[in-house]
Structure formats: structure tokens, C-alpha cells
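To start, the structure under review is shown below, and the notes come after it.
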Amino acid sequence: MEIHLLKSEMAVALLMGWLLLVDLFMPRIPKRYLARTAVVFLLGITGWLVWTGAGVGERWMEGVLVGGGGMFVLDGLALWGKEFAFWAALFAMVAGMRFAGKDDDHLVERVFLQLAACLGMMLLASASHFALVFVALELVTVVFYVLVASRRHDGLSVEAGVKYLIYGAMSSGVMLYGMALVYGATGSLGFAETARVAAQPTPPMLLKMGLLLMLAGLGFKLAAAPFHWWAPDVYEGAPTPVTAFLATLSKGAGFVLLVRMLTVAFGGMKEFWLPVIGVMAGLSLLFGSLGGISQTSLKRLMGYSSVAHTGFMLLGVAAVSCAGLGGVLYYLTGYLLANALVFGVMCETSGENPYQEIREYAGLGARSRWLAGALLIGLLSLSGIPPLAGFVAKLLMFKAAWQGGMTVLLGIALLAAVVSLYYYLNVIRHMYAGEPVLTDGLRVPYGVKLLQGALAAGVVAVGFFPGPWWDGSLMIVRALAGR
Amino acid sequence: MLLWLILLLPLASFAVIGLFLLNRPRLASMVSAGTAVTTAILALAAIWKGNSVEPAAVFSWLRVSHLRIDFTPEWDRLAQLMTFVVTFVGALIHVYSLGYMKNDAGKARFFAYMSLFMFSMQGIVLAGNFVVMFVFWELVGLSSYLLIGFWYEKPGAAEAGKKALLVNKLGDFGFMVGILMVWSIFQTVDFQRLGEMAWLSVTGGNEMSAELKSWLMLMGLLLFCGVAGKSAQLPLHVWLPDAMEGPTPVSALIHAATMVAAGVYMLCRIFFFLAWIPDVLTVIAWVGGATALFAALCAVAQDDIKRVLAYSTMSQLGLMVMGVGLGGPAPAMFHLTTHAFFKALLFLAAGSVLVALHHEQNIWRMGGLRAKLPVTFLAFLAGMLALSGVPGLSGFFSKDEILMVAFARDKVLFGVGTAVSFLTAFYMTRLMAAVFAGRARSEAADHARETPAVMLMPLVILALLSVAAGYSFLGVKDALRDFAGFASAAQAGHSPLAFWILAGVPFAGIAAGWLMYRDVSRNDALACRAPLLHRLLAGRLWFDELYDALVRHGQGGLTTVLNWFDTWVVDCCGVKGVSLSTMCLGNLLRCFHSGNLQTYLIYLSLALVILIFWKLALF
Amino acid sequence: MTAALFYIMGLAMLGFGVAVITSRNPVNSAMSLVLLLAAMSGLFVLLGAFFLAAVQVLVYAGAIMVVFLFVIMFLGPDEGVRRRLHWFGAINGLLVVVALLYAFFTLAGKQPPMIGAEGRAGTVESLGRLLFSKYLLPFEVASVLLLVAIVGAVVLARKDARSS
Amino acid sequence: MIAANDCLLMSGALFALGVAGVILRRNILVQLMSLEMILNAANLALAGFSRAHGNLDGQVMVFFIITVAAAEVAVGLAIVVILFRLKKTAHVHELAGLKL
């Protein structure tokens, strides 16, 4: 095992251990400071990874650094996934800390758990062996079982926790069984050997069945129809910062794994999985967009919206072209920023409360111009209004679908884009034109303003200057497909 | 540099007002109007220099694999003409707004939006490729939405804004798919490169395959979708009359002179391209003709002064679209220009009337304003005569050119155009008679007083232009005569017969209108004499009702199906049936989310089983 | 002999499985599950996975199931004797089971029989070597996972400082 | 001699039973037990295939699965406990605060 490949993972693990020990043995230190220190450290690690990654990145794009007998891979996609995990964790940690009450006993533990999920995704981004995939995926999932139910005095949060637990455990069981079947077909759990068997002219039936079961399990992580049933309920019931984390990190982890698994391990079985992904994309688009129409809770709406976005991204996966897969990475970038904005504002306006009625957002424009503006940009990007990131992302997906010859899916996607536009605009309309329910002014601290300003600028910049992001995504995917 | 200034000054104004001046309405309005006037002057300077304006720096916006999208301002004759219209009319309307919005609470916001609009509109004009145009196209839609719903506390305004946005979006999606098709067929979206390509395959004599032809046709129709949405062509016209809920300067600038004309401008911009696909041009021509006739008929029976003008705008846009469709983009652009002058004039004059009457919009509650508002009256008269196409005024020249093309190309459409011309004269006379002639029919009309000079000045300038813009010494008429992009356009011959018909028809319309509405009572004369026809026209052929019914009954049908599904599938299958069935009326897909975890698990496993059986072919 | 034992134990295991999902009382379910795990451990022995057989009994049947029983007792063992199955669920459940069984039968039928070389025995030594060489990384991650589970259980179930 | 196919069949049957248990039973505890059955089905399949292929990777995977199952059970039971404290129930059908 080449330890030096694991530098960033070990840094996060050390941070986790340090946090736990200090909290245990130095109870006098206020928990908020401890949590803030952790954020600063994580930011430092992120900066370090981005810095060195950008420097050594070229080499990583070209060649692959493999450790642990082909179990752990450090390539462009892995690096990208790690950075995604860092940013998602940072946004979620900041959002979660804003609402930690003074008497919050579990602040440090929650930060610890968020770091653990981040670590899980970092490993997942590098995993090219099903054993590591399984353990890392479970790490992410178990953290979310806890986080979703972590408002334990709130019936809705606990209910969401139970639903997520049973549904998630069943899905991971199904996925695990799929891995067992793949092992049966190939005699190995590594991606490389799997790829060798999958490239046969007629892959064994066991392998096919195994792949199907794994796709079903991944469908849960991605919230892709017809495996998405948990999403609206859990999104609504979970504490808002957790919902934000769920929408970004959990989905990002799923997509990174999906992209690597389908291109590297099952690249030879394109004809087999292509229709499955296509059907999942189409159904996600329909369920996500149509289901959101008559929602009254913004958080639940975001649940449906997340299903729809999964549909858009699966469109890119189904296109099986570099343009499509690169588009998925670009899409995720924009999606992360916009979601961080939207959920950040939701945290500011009504804390962690589960129900966030759209009505409550009426007159937000008058209560705080700043928050309303941030929410506006986030929602507009999600709905795909030019020139924001969401627009370019959708455009790339449409183009990939068009070039892939998937006219029916393209039609569904266009329909979904129009329909979902309706519900995003509905929120915006409430925000600026509705009769306010709450009228008290909102005071937003400068730090939050700074963060939201940076996020909004990011959404605009990624949309307006897609060049660098797009080139990077394309390079990553090309390197992946070239192997 | 000059071009960048013209484009970016309004954006700067928007940013400055939005960020700093929202609480200083007076200063904000000055900044915005000042910017608009400066832009107009700069635009005149740039046009004066013409093609010799130094090529603006290229700003590379997007590189996606082989596709490269630059922001290079387009500065040919077409763009110059349109820039002139946009900046000049825009500046006048900004000045007018200083008076019109004087005491409005949201004055600063209004001017910020206006600046945003000026920026995006100028962006459309200067766009050198489809993608950039589409981006600004959407921005224009956004600012139009914001301005229509400007008085959002009025119940109709917010609704109207939403309607406009949704209908426009419908068209825009067609447009977007069209652009994607252009991209995938030609591998470029740049107008100039496309132009070169078009030349190549026409002169190279490459016969198009039938398949390519049908793709091209689909592409053309999809691109036209965008035009139909923005320029309110049938059947996407329903938003324009409702858009009159916005402030009157907005109606004048956006919904009469510039934005709605953007569709026509786009058609002219890609005319070289459409000229290749004659079938699409035919469709465009007929849609335009139908819109022109339909809108003119509706205008005859409206009671609201702004709605009459809105339908008239739609009708004139229909004529322009028809002109392009018949292969005459130059006349269409000429008409666009003159129309911008006299329709802006009419709207501003109507706004002046509204201010004087404290926002009474029903024309049957006006009357006798000729003596009380003399300047407004004269301006309105000039606009009305120009619009009706009375010989000697600008409207006559431009309309005459379009109809000459029609006469040469398609006699039926010429007939349609003539009928529209007659109806235009008729309903404008009706409007004049109801508003200015006779006695005052309401308290407000009795006490009307002339509006301030800041509002009258733009009226006078526009009135002068409406009268004179048709004469060739101003250069408007021949601006595009030898424009290279229109090389394949039809050359209209001159037919004395058509000329005399066209010269006579406006007088006939005015005479008929005057006979019918000479003595105005409180009611519409048409309603008394032909009540059925009036109801039909006043109901705008029930297009809105049809759409409403479609939406409602579509939903109703869906609800019935869902009810059935609910009762028989969900309920009978007993997933906590009773409580569910009452809650599941919303829609099909929501029904699945019963909140019952076990139901979810059942769906999950059924999906899994179906997936396995499907993919492993176990059935 | 091995084959006969395998089938006997396997069928017993499936029988306990049916008992787990049909017992009305959760305690009975848990007991059946313990027996199922024991039978499974026997199967592991027959398959040459000796170390796993031991772990199965010690960790699974021994530790995990004890926690289960503990929680069942904590909640009151007669929870859940009340409800009977609803027929929507029953029909769909049956459908899913039958369909899955059919799928696996077909799968096993089409799969060429795999009787490879007599596998290496899964002794503590052989497994340990693999675990600490090739599988070191997942092993460490699994330890993090256990730590996370402990912290998570504490976060969720610890009594509040305020209320105590 | 044990055929891997018989192993597969048996584990498949256990998997189906586990799925049936999760979707049929309303008691969360029994659902969790059924989930354990699903995991064990995978264990059996892995052990069988491990023997058939003559390598130990499958058995190592079983080891990880047991670890993960322990973690899942710990967290799952904690959630059941707080649910019971809050609502005095351990039945999923009585959870209907989040719907539609």
C-alpha cells in the first residue's frame, strides 16, 4: 500500500481523531470554537489539495497512480471527487454551525460525522475495487442515517431517519448482493478483472444480474427514479443543513461512483446498461418535474427538484460520450454551488425546521434583499436560466442527448425543464410579490454574506465562463475513457 | 470601443441603480435617462461612422470542443438601423418616463429595469451568433416580465407577467431546440460563418437531399417558434394584450417599438438562411397574415385604449412577419422602423391621456379631449394617420412596400393586407372619435388638463418623425436597399393598380369609421348594430378561453383519471386507502408518495423485479 | 456426505428464515434469526470458510443479536402482536418473492456449473494475511465506520444533559 | 461436493425471503432482521463463489459485510429507540408525518 497516495484522506482522518480527542479530554473548550477550528483546518486541507492538485494535476490526468493492489486509484476523476467532497462538506458544516444552539451538546460530534461522510466520498472517488466501494459507500450512508435523525426531539426528523434507514439499508443490501454476483461471475472484486469479463462478446448472465442489482442500489444514492421514493420525505424531514449535505455530497458520491463503474468496470457492456440508464433518466425527469408542481413545502420541492436533476445528469451518462460524461461533472459543479446557495438561504430564514412552507418566503424580498437575491440566483440557476451555470449545464446535457440520438429522452428533458421552471418561478413570485406572512427583518452576518456572495459569483462565473470548468471536466473524462 | 459603450452603459446604469441608488429615486431616474440619451448620441455617432467603426475587440465567451462562441458585435447596416431605432426611441421614452413615473413609489426600481432592458435589447441587436442572441433573448424576456409585473400589487399585473413569461418560454424552447439543430447540422452558430456556408451550397449547386431538407425545415420552424413567442404571432399571441398591465412607457418601448419587433429583426438577421427553405418562408408568411387579420379584427371591438393599441401592434407585427415570409425583409425592416416611431407615439399619447384622466382606460368614458389636450390630440392624430397609412405619411410608404411585395408574390395575402389596412384605418378612427371627439362622458374627462412639457416633448419629436420618416431624404427608406444579407430577397415591381388600391383604402376605412362612430354615445355602435359580431370580436375569438379550457379540462381529465386510479388502484389495494384518496387529488406522480414507507419499499422491489425481468429477458 | 449435510442445513436455514418473517412476536423472530445464523455458520464450515464460521457465531449470533434482543426487551416484547398483513402488501410481497425465485432459478440453470478446484481453506492465517496486505485500506475504513457508528449511536440515543 | 449453483440458489432464496420480510412486516425491528437476512444471503453467495473460484477474496468481503452489518445495526437500533421514546411505536405504518 503506497501510503503517500492517501495524504488527503489521512489528513481528514487525523482531523476527525483530533476533534474527538480534544472534545473528550478538554471539555472546557467551547464546542463552537472547536467546530470552527475544524472548519478552518478543513479549508486548509482543501486549499492544499486544490493547490497541489492543480500543480501535479497534469500528471494525474495523464497517468494513474495505483495503490493497494489496484484498489485505490488517484486520477483526475478521483481528484475531482475529493474536491467536490471538500466543498460540499464545508458548505454543510458552515450551514449546520449557524444554528447550533448554545446548549447544543452534539455540535462536535456532528462535525465529526460530516467529516466522516466527506472521507467516505473521498475514498469512493478513488475506489476501483468493490470491497472498498462497499465500505466507503456504507461510511457515507451510515453517517447520513445518523444525521437525518439527529433532531431527535422532532418527530419528522426521526421519521425521516427511519425511512432513510430502512430504505437505504435495503438498497445497500441489494447492491451488495449485486457485488456478490459480480464476484461469482468474475472471481474477483476488482474493477480491472470485471472489465476483462465484461468485455467478452457475451458476458455471463450472473454479471448482468449483478450489474442490475448494483444499479438499483446506486439508484437509491442518486435518488433516481424508480428508486427515488425516499427522497421527498427525507429531504423534507431532515434538518435543513443535512438536507443540503444529502443533496450535494450524497448525490455527488453516487455520480462519481457511477461514472467510474460504468466506464471502467462495465465499459464493455454498454449495450446492456444503456437502456437501463435511459429509462432511469426519463422516469427521474418525469417524476421529479411533475411531482414538484403542487408542493407547498420548499424543502420537499427541493427533494423533487433533486430527482429531476438526477434525471438531467443521467441523460449525460446515457449519452456515453466524453461530452456527456464531462457534462455530468460540469453539471455537478453548478448544482453544488446553486444548492449551497438555496439551502444556505433556507437555513438563514428559518433555521433547521423541517417544514419550510413556500408561503413563509412571501415578502422575503422586503425582509432581506440580500437573502432574496441569493435565493433568486440559486433558483434561477437550478431552473436553467442563462447565463447561469445551470443553463450551460442543461445545454450540454441536451446537446449530448441530441448527439447520442436520444430524441425521446431529449423531448422528455425539455418538457421537464419547462415544468420545473414553473415551480421554481412560483417560489420567486412568492418571494417578491406575495403577501408576507412574516415581516420581521432578517439580520445576516457579514461572514454569511461573504460566503453567499462568493457562491453567487461562482454560479455566475461558472455559467458565464464555462471554458476552464468544461475543459477540466472533459480532460478528466477523456483520461478515464482512454484507459 | 464605441459599440461596447453602447452595449454596456445601460448595464452600468442598471448596476449602479440596483446597488446604490434604490433609495434615491430622483437621482436614479436621472442616471437612467441620462444614460439612455448618451447611448442614443453615441449610437448616432457610430452610425455616422458606419462600417468604418473600428472592429470591436473580440471577447471569447465559450469554447466547447470544436465550438467557439465569441462575443463580436455585429455592425452591419441591419444592426445599425435597429440600433438607431432602439436607442433613439428608448431615449425619448426614458425622458417621457421622467414625467410619467414622477410620483411612483417604485421609481428607482422602474428605471433600473428599464436600463436592464436597454442593455439586453441592444445585446440582441449586436449579437453575432445564435447563442449570444439567445442569452440576450432570455434576458429581454426577464426584463419584460419584471416590467409587466411592475405594479405587482395590481392583481392582473403579476398574472400578466407570469403569462408573458410562460408563453415566451414555450416559444423559446422551440428556439433553443432550433439552435441546437443549427449547431449539430452546421457545426457553427455564427451568423457570418453560416452565411458563407449558405452561399457555398447554393452556388456550388449541391442538391440537398430530401432528408436534409426536412431537417432544415424543422429547424426553420423551430427557430420561428421563438419569433412567434416574442413577436406575439398566432398562436402564441395571448400574452401581449395582457402585458398592457405594465406602465405605459413600458408598453410603448417594449411591447410596441422594440422588444416585440426583436422577432422580426431576428427573422431578417437569419433571412439569408431562411431563403434556402422556401416552405418555411411560406408558413411564416401565412402565420403573419393570419395574425395581422385576426388582431385587426379584435382591435375593432376593444374598449380599453391600450388594448386597442396592443392589438394594432400585433396586427402590424403580423404584416412585418408576412413581409419577411414573402421574401421582402427590407420592406419589413422599413415598416418596423416607421412603426416604432408612430406606435411609440400613439402609446405615449395614450399615456398622456391616461395621466390627464387619472388612469381611466375605457374609451367610452372619455370624449371631447380635443380641446382640452391640444398637443396630445395633434400628436395622436399624426400617429393615427401614419398608422392608417394615409398617403404622404411614413406608414403609407412602408406598408406600401410590403404590400407591393405581396401583390407580386401572392394575391391572397395581398387581399389580407388590404383588409388589414382598411380595418386599421377603421378602428383608429373609432378610437379617435371615442377619445377626442364629441363631449366629455365622465367626470375625469371633463376636468382633464394638458400634461407637462417633459412628456410632450418626446411626443412632438416622434410626431415629426412619424410624418417624415418615409421620405427618402432621411435615409431610413433606403437603408437596407442594397444590404448584402438580403441579396436573395424578392424585388417588388411597381404596379399602379396596387398603388391606387393602397392609397384609397385608408380613406375608405376612415370614412366608414367616421360614419359609424360620428356621434358617440356611451356604448359601442358596433355592439348595437351587430351584437353577435361584436361579442365575437370583443372576446378575441375566445382564444384565451380556449387555452384556459384546454388547461383546465386537461387537468380535469387528468384528475378524473387520477381519481379513478386512486379509487381503484391505490384505494382498493388498500394502502391506507381512505385517508389517501382524499389527499391524492393533485396528480398522478404525487400519488405514489403516500408517505408510507412500506409502499415505497414495494415500489422499489417491484421496480427491481421488472428491471431484472426486462433486461434478462425472463418473461 | 458433505452434500447431504449442505442441503439439510440449507433447508433448515431457509426454514428459520420463513420463521423470522412470519413470527408475530419479534422475540421469536430474533430467536429464529439466531438459529438461521447458526445454520449459516455450519454452511460456512462446509464451504471451507472456518474463520468466517467462527466470526458468524461470535459476532453475529453472539453480539449483534444480543443487542437486538436487548432493544426488543427494552421496547416491550409484545409490541406488534396486533396487526395482520394487509392483502395489498401480501400479494405484492408474494409476487416479488416468486419473481425473484424464478429469476434465481433461471440464473442458476443457465449458469455453467462452477465446481472449481477445491478452494483454499479460509483459515485465520490465510485470511489474516490477505486482510492486512491487499485489503488493508478497506480494513482501516471499516474501523472508521465502526467509530462513526459508535459516535452516531451516542449522538442519537444519549439522554440530554438538560433533561437528566 | 457442493456445487456453486446450489449455493447461489439457496442464497437467492434467502435474499427473496429477506426482501419479502422487509416489505411485508411493519415492525421496524423485524424489518431490520430481514435486512440482516439479505446481507447473509450475500455472505452465503460470496462464500460459495469463493470456494468455486478458489480464492479468498469473497471471504474477506464477508468479513467486511459482518463489520458493516454491526455498524448498521448499532445506528439502526439507536434510531428505533429514539423513535420509540418519541412516539411509543416501532411500526412504520404509524409514521405518516411526511407525505405527498
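Labels for the chains are A, B, C and D, by order of writing; each one numbers its residues from 1.
As a working rule, a residue touches a chain if its C-beta (ideal position, glycine included) is under 8 Å from a C-beta of that chain, and two chains touch if they have at least 3 such contacts.
Remember, it's a predicted structure, so these values are computed and weren't measured experimentally.
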Any chain that touches subunit B and subunit A: C, D
Chain closest to the middle, measuring from C-alpha centroids that were averaged per chain: A
Chain centre separation (subunit C, subunit D; CA means) in Å: 6
Intercentroid distance (Cα basis), subunit D paired with subunit A, Å: 26
Mean-CA-position distance for subunit C and subunit B (Å): 68
Between subunit D and subunit B, distance of the C-alpha-averaged centres to the nearest whole Å: 62
Two or more partner chains touched - positions in subunit C: 89, 92-93, 96, 100, 103, 107, 111, 114, 135, 138, 142, 145, 148-149, 152-153, 156
Shared-contact residues (touching 2 or more other chains) in subunit A: 131, 134-135, 138, 142, 145-146, 149, 152, 162-163, 166, 170, 174, 184, 205-206, 209, 232-233
Residues within subunit D bordering two or more other chains: 4, 8, 15, 18-19, 22-23, 26, 32, 48-50, 52-53, 55, 57, 60, 64, 68, 71-72, 75, 78-80, 82, 92-93, 95, 97-99
Chain contact topology (line, ring, star, complete or other): complete
Subunit C residues touching subunit D - in the complex, by the definition given at the top: 2-3, 6-7, 10, 13-14, 17-18, 20-21, 26, 29-30, 33, 36-37, 40, 43-44, 46-49, 51-52, 55-56, 59-60, 63-64, 67-68, 71-72, 74-75, 79-80, 83, 85, 89-90, 92-94, 96-97, 100-101, 103-105, 107-108, 111, 113-120, 122, 126-127, 130-131, 135, 138-139, 142, 145-146, 148-150, 152-153, 156-157
Interface residues, subunit D side, partner subunit C - complex: 1-10, 12-21, 23-27, 29-30, 32-34, 36-37, 40, 43-44, 47-57, 59-60, 62-64, 66-75, 77-82, 84, 90-91, 93
Contact set on subunit B toward subunit D in their complex: 576, 583-584, 586, 590, 593-598, 601-602, 605
Touch list for subunit C against partner subunit A, complex: 103, 107, 110-111, 114, 133-138, 141-142, 144-145, 148-149, 151-156, 158, 160-162
Subunit A to subunit D touching residues, read off their complex: 130-131, 134-135, 138, 142, 145-146, 149, 152-153, 155-156, 158-163, 165-166, 169-170, 173-174, 176-177, 179-181, 183-184, 187-189, 206, 232-234, 236-237
